[in-house]
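For clarity, chains are labelled A, B, C and D in written order, and residue numbers in each chain start from 1.
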Amino acid sequence: MATDQQHPTGQYPTALGTSTAEEIHLLGHDLAGELMGEVSFGELAFWLVAMRRPSPGELRVFEAALVALADHGFTPTAIAARLTYLSAPESLQGAIAAGLLGGGSRFLGVTEDTGRFLADALAAHSGDLPTDDAGWDELALAAIRDRRADGRLVPGLGHPVHKSGDPRTPRLIAIAEESGARGAHLRLFEAVGRMSETALGKPLPLNGAGVCGAAFADLGLPVDLLRGFALLARTAGLLGQLAEERRTPIANDVYMHVDRHAVYHADDGAPD
Amino acid sequence: MATDQQHPTGQYPTALGTSTAEEIHLLGHDLAGELMGEVSFGELAFWLVAMRRPSPGELRVFEAALVALADHGFTPTAIAARLTYLSAPESLQGAIAAGLLGGGSRFLGVTEDTGRFLADALAAHSGDLPTDDAGWDELALAAIRDRRADGRLVPGLGHPVHKSGDPRTPRLIAIAEESGARGAHLRLFEAVGRMSETALGKPLPLNGAGVCGAAFADLGLPVDLLRGFALLARTAGLLGQLAEERRTPIANDVYMHVDRHAVYHADDGAPD
Amino acid sequence: MATDQQHPTGQYPTALGTSTAEEIHLLGHDLAGELMGEVSFGELAFWLVAMRRPSPGELRVFEAALVALADHGFTPTAIAARLTYLSAPESLQGAIAAGLLGGGSRFLGVTEDTGRFLADALAAHSGDLPTDDAGWDELALAAIRDRRADGRLVPGLGHPVHKSGDPRTPRLIAIAEESGARGAHLRLFEAVGRMSETALGKPLPLNGAGVCGAAFADLGLPVDLLRGFALLARTAGLLGQLAEERRTPIANDVYMHVDRHAVYHADDGAPD
Amino acid sequence: MATDQQHPTGQYPTALGTSTAEEIHLLGHDLAGELMGEVSFGELAFWLVAMRRPSPGELRVFEAALVALADHGFTPTAIAARLTYLSAPESLQGAIAAGLLGGGSRFLGVTEDTGRFLADALAAHSGDLPTDDAGWDELALAAIRDRRADGRLVPGLGHPVHKSGDPRTPRLIAIAEESGARGAHLRLFEAVGRMSETALGKPLPLNGAGVCGAAFADLGLPVDLLRGFALLARTAGLLGQLAEERRTPIANDVYMHVDRHAVYHADDGAPD
C-alpha cells in the first residue's frame, strides 16, 4: 500500500534525540551538559514541540496552564485508569494509556477546540487586530455567529458545575498579563465571554480548559497539537490517581457498585 | 465477581481534585489561587504522587531526571507512535498511548527496576548504612552477587551504545550532590558501578535510565511507581516526536521500507 | 461536571452478560447450555452488536468480510504492534492495543466511511430504490457528485497497489449474491465503481475495505460501529503478527534500520 | 541502542499477508479465492497463530472457548471501555483499546496462567502420561504442591461468584470430549479440581477462564500467547458493550455516581 517515497536519500531526519558512543544530544544540545539541571521539565516540553525555548514569562503561563489541566478529580478518564490498574496492576503503562485514551472530544478536547476556534477567527479577520475592547467584542460576536450558523457549539464556553465562573479563567489571564503573554487569542476569548449573552441569549462562563487553549495558542504552539499539552498535564494527574489508588483504592468499589446494580433488560437492538 | 466492600460508607475518598460550584481544589489547595503560577508543572507532578512538596534541591534533581528521560530519538516506542499517528492522525491521544504502551520491561522499565533493586538491597541490609566507599562497595558486591545467584541481570548496568560511560550518569549524580539530594540509593548505585568489574569480570557503565531510578528512589518516591515518571517524561518526548512527524514525516518511509522488503517465508509455526 | 441522571432507579440495565451463583447468561441465553458449542465465534460477535442471530447466509457474508479484513501484512499498525511487543513483551494486551490504535481514518476507517457514505446516500434518496443498474448508476453518480461538491473523497474507491482491481471486491459480492445478502448498499457500491470514470475522469477500483463496509451495512449492522468489525478482524491479524514476531522477529531490525539512518537536521519548527 | 542485526539480507520475512498488484495472499493462500467464504473467522484466527488449520473438532472446541470468554457483563474492563467511549466517542478504537488494556494478570490473565501452569507440570513430568484418573490425580497433587511451595496460587481454581461450580467448565470439557480434543491439559486440569480439597483443605471449583486455557493448550496453541485469545474473544464482547452503551448508556451514570460520592480525605502519602 506504500505511496511514493518522500526522502529518497534513505535517511530519517530529526532535530530531537541523537547519540554517539560518547554523547547524547537533544534539540541540538548536549543533553547532560546543557539541558539536565538547566531547564525545567515544563521548559523542555515546550521546546520539544515549539522548537524554541520559551521566555521566562511564556514559561510561567505554559506551566500554569499545565497545572490547571493536570487533574480534575474523578473524571471518566481517571476512573477508567483506576479500573484498568485494578485489572492489570503489573502494567502501569496500560493504565495510564487507558486514561489518556479518553482524551477525546468531550472531556479533554476543549483545549484544542478553543485554540483552533480562536486561531481560525483571527486568521479569517482581515486588516489590523482590534486595539480596544469594543473592537475585540465585534470580532468575537462575528466569530460566535459564524460558528452558530454552522450549527456548532462555541468551544470553551459554559461549564456544568462552575456556572457562574470558572476560577481558573481569570487567574490564567492575570498570569498572562503579568508575564507579558496576554495576546490576541486570550483577548478574543475574553471578548467571547463578554459577548456570550448578546450572541446566545444568556451569559456563559469561559471555562478553564478553554482558557488554557487560548493561552497555548498565544504562546505560538501548534494549534493541531494543543490537545497534546492537555494529555501531558493529564499524565501527571493520572500518575497521582494511580498512586492514590494504591493507597486508598476505589476501583473495586466502583466495579462492585455497577455489578450489584446490573439488571437484565431485554433489547432488540433498536435505539433506546 | 465482586469481592467484599472496603468503604462501606459508600463514599469515594480522594486527596486530589475536588470542586464545588465556586472552587476547584487540588491536593487540598485552591487550584487557581495557590497552585497556578506558584508551582511548576514538575513540582506538581512530584506532589501528586509523593503527597508533599519537594524542596528546591529535590525538585532540581527530579526535573533533571525527567529531562534525561524525555526523548532518546528513534526508539521503538517513538517509531510506534509515529506509525500510529500516520494511520489515525485524528486521534493524537491514540498515538501517544501507543508510544507509552512500549514503556515496559525492555526499554523504559530500567528506571523502576533499578530503583527497586537498590531499595531491596538497602532494605535487606541490617545495621547502619555505610559511611565510606569501602562500605558501599561491600554492600554493592553482596547485592550484585545475590541478584546473579537468582540468575537475573543487574538493572541499570551496561548500555548498548554508551559502552564507556553514559554521560547522564555523572551529571545527575553531580546535580544531586549540589542539591543535597545524593542519598543511599545513588551511593549504592555508584558502588554497583565500581564493583561491576570485580563482580562480573568486566567493567560495565551505569546507564542513564538506571541513575534516574536511583535518584527517584532517593527522593522518596514510591518504588512501584517509578516507571510512571519515565512515562511522564516520555509523554513530553512523544509530543515532540509527533510534532516533528507533522513537520518532517518519516513514518510513511519506514512503512514503505518494511513493505518493500517483505518476503514470503513458508512457516509451519515451529520456533525459528 | 456530571449532568442530569438518566436512570434515576440507580440500576444499570444490560442485555449482555449477567450471572448468578449458578448460571451465566449472555444475550438472555444460558451461556454454557445454549451458546457454547452451538454458535460460532463470528456468529456471537454479530449477535452481540446486532442483538439478533444472523441467518446462515448473513453469517457467511459477515465471516467472509472479517476474513478479508484480518491481516494485510506489514501495515503501519502491524509494525507498531511488533515494535511495542519488542519493548514490552510482558504485556501482550499493550501490543495489541497499540496495533488497534492505528485503526483510524487512514488505514482502517475506510470500512466505516464507506458504509456511512452509502447509507447516507440511500437515506437521502426519496422514493423507491432502483430496480436496475441504470437506476443505481444514476443514484451513484448523484452521490459521488454531492460528495465531491463538499470537497471530500469518495470512500472505498481506489487502492495504491491494486490499481486494476482488488480481488476481494468481486469475491465478497459473489458470496453475498450466493447467500441472498446482496442488498442496497452493495448494489450502490457496485454502481459507484461503474460510475467512477464518468464522475471523476478515470476508472477507480472498489477496494476491499470499502466492499466490507457495504456488506456490513447490508447486514443491518450499525453504521457508526462498522469500524469496530474491522478492529475485531484486525485483532486476529495482530495476534498472528505477534505470534510470528516470536518465531521470526523483525521489529528489532526495523528499529535498527531507522536508528542507523537517523540524521540530525536543524529545525526551527516551521512546517517543512 | 541497536544490537546486532539478525537478518543481514535486509529482508523482512513473513508467512502472513503479502500482495502484488493482482493478488492478495494470506498464509500462503489466495485470500479471495481460497479463504473468503471458505474458512470461518474463528478458523482463520486459529490458523494465523498455529500456522495450521484446525480439524473440525479442534475448531469446535476453539470457538466454544472464545464464546465462553467473550463477555462477562459489567467487568472493570467493560466499564473502562464505556467510560472511555463517553469521553472520546469519535475514537472507537481508543475505547476498545482501553478495554483490552485491563486484560492483565487479575481478570483476563487466568486463561494464560492456567495453560502455562498445566504445560509446565506436564513438561516436568518424566515418563509416560497417566492412563487413569488415579494417575492424573497424583500428577495434579504434585503440581499443586509444587506451586504452593513457591507461595503461589494455583491458577484456574476458585471463583468469587460461582463457588459451587462454574457452568462453563463441564460444558467445555464435554465439547472437547465429543470433539476428540480432550487432551492431557484438560485431563490434568480436571484432576486439579478433584485434588483441590485434598491439597488445599477445601474444594474449589475449576473456573471458566482456566478451563479455556487448558483447552487452548490441548489444541497446541502457544502457551505464551493464550492471553491473546482471551483478548480476541473480549474484543467481540467490548464491541457488544459499546453498541449497548450507544443504545442504553450507563457510563455517565457511573461517572456521576462516583463524582457525587467523592469526599476529600487528607492524605500524607503513607499507605492506608
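Brief remarks on what is shown
In this text, a residue touches a chain if its C-beta (ideal position, glycine included) is under 8 Å from a C-beta of that chain, and two chains touch if they have at least 3 such contacts.
Quick caveat, the model's predicted, so the values are computed rather than measured.
Among the remaining chains, those touching subunit A as well as subunit D are B, C.
Of all chains, the one whose mean C-alpha position sits at the greatest distance from that of subunit C is B.
Inter-chain spacing, taken between the CA centroids of subunit B and subunit C, is 37 Å. Mean C-alpha positions place subunit B and subunit D at a centre distance of 30 Å. For the pair subunit C and subunit D, the distance between C-alpha centroids works out to 24 Å. Shared interface positions of subunit C, defined as residues touching 2 or more other chains, are 1-3, 12-15, 18, 49, 51, 72-75, 88, 90-91, 93-94, 97-98, 101-104, 107-108, 161, 243-244, 246, 248, 250, 254-255, 258-259, 262, 265, 267, 269.
Of all residues in subunit A, those touching subunit C in their complex are 1-3, 10-15, 18, 25, 28, 49-52, 72, 75, 88, 90-91, 93-94, 97, 101, 107, 159-161, 258, 261-269.
By the touch criterion given at the top, residues 73-77, 79-80, 83-84, 86-91, 94-95, 97-98, 101-109, 243-244, 246-248, 250-251, 254-255, 257-259, 262, 265, 267, 269-272 of subunit B touch subunit C in their complex. Interface of subunit D with subunit C (complex): residues 1-3, 5-7, 12-24, 26, 30-33, 35-37, 39-42, 44-45, 48-49, 51, 60, 63-64, 66-68, 70-74, 91-94, 96-98, 100-104, 108, 161-164, 166-168, 170-172, 175, 178, 208, 222, 224-225, 227-229, 231-233, 235-237, 239-244, 246, 248-250, 252-256, 259-260.
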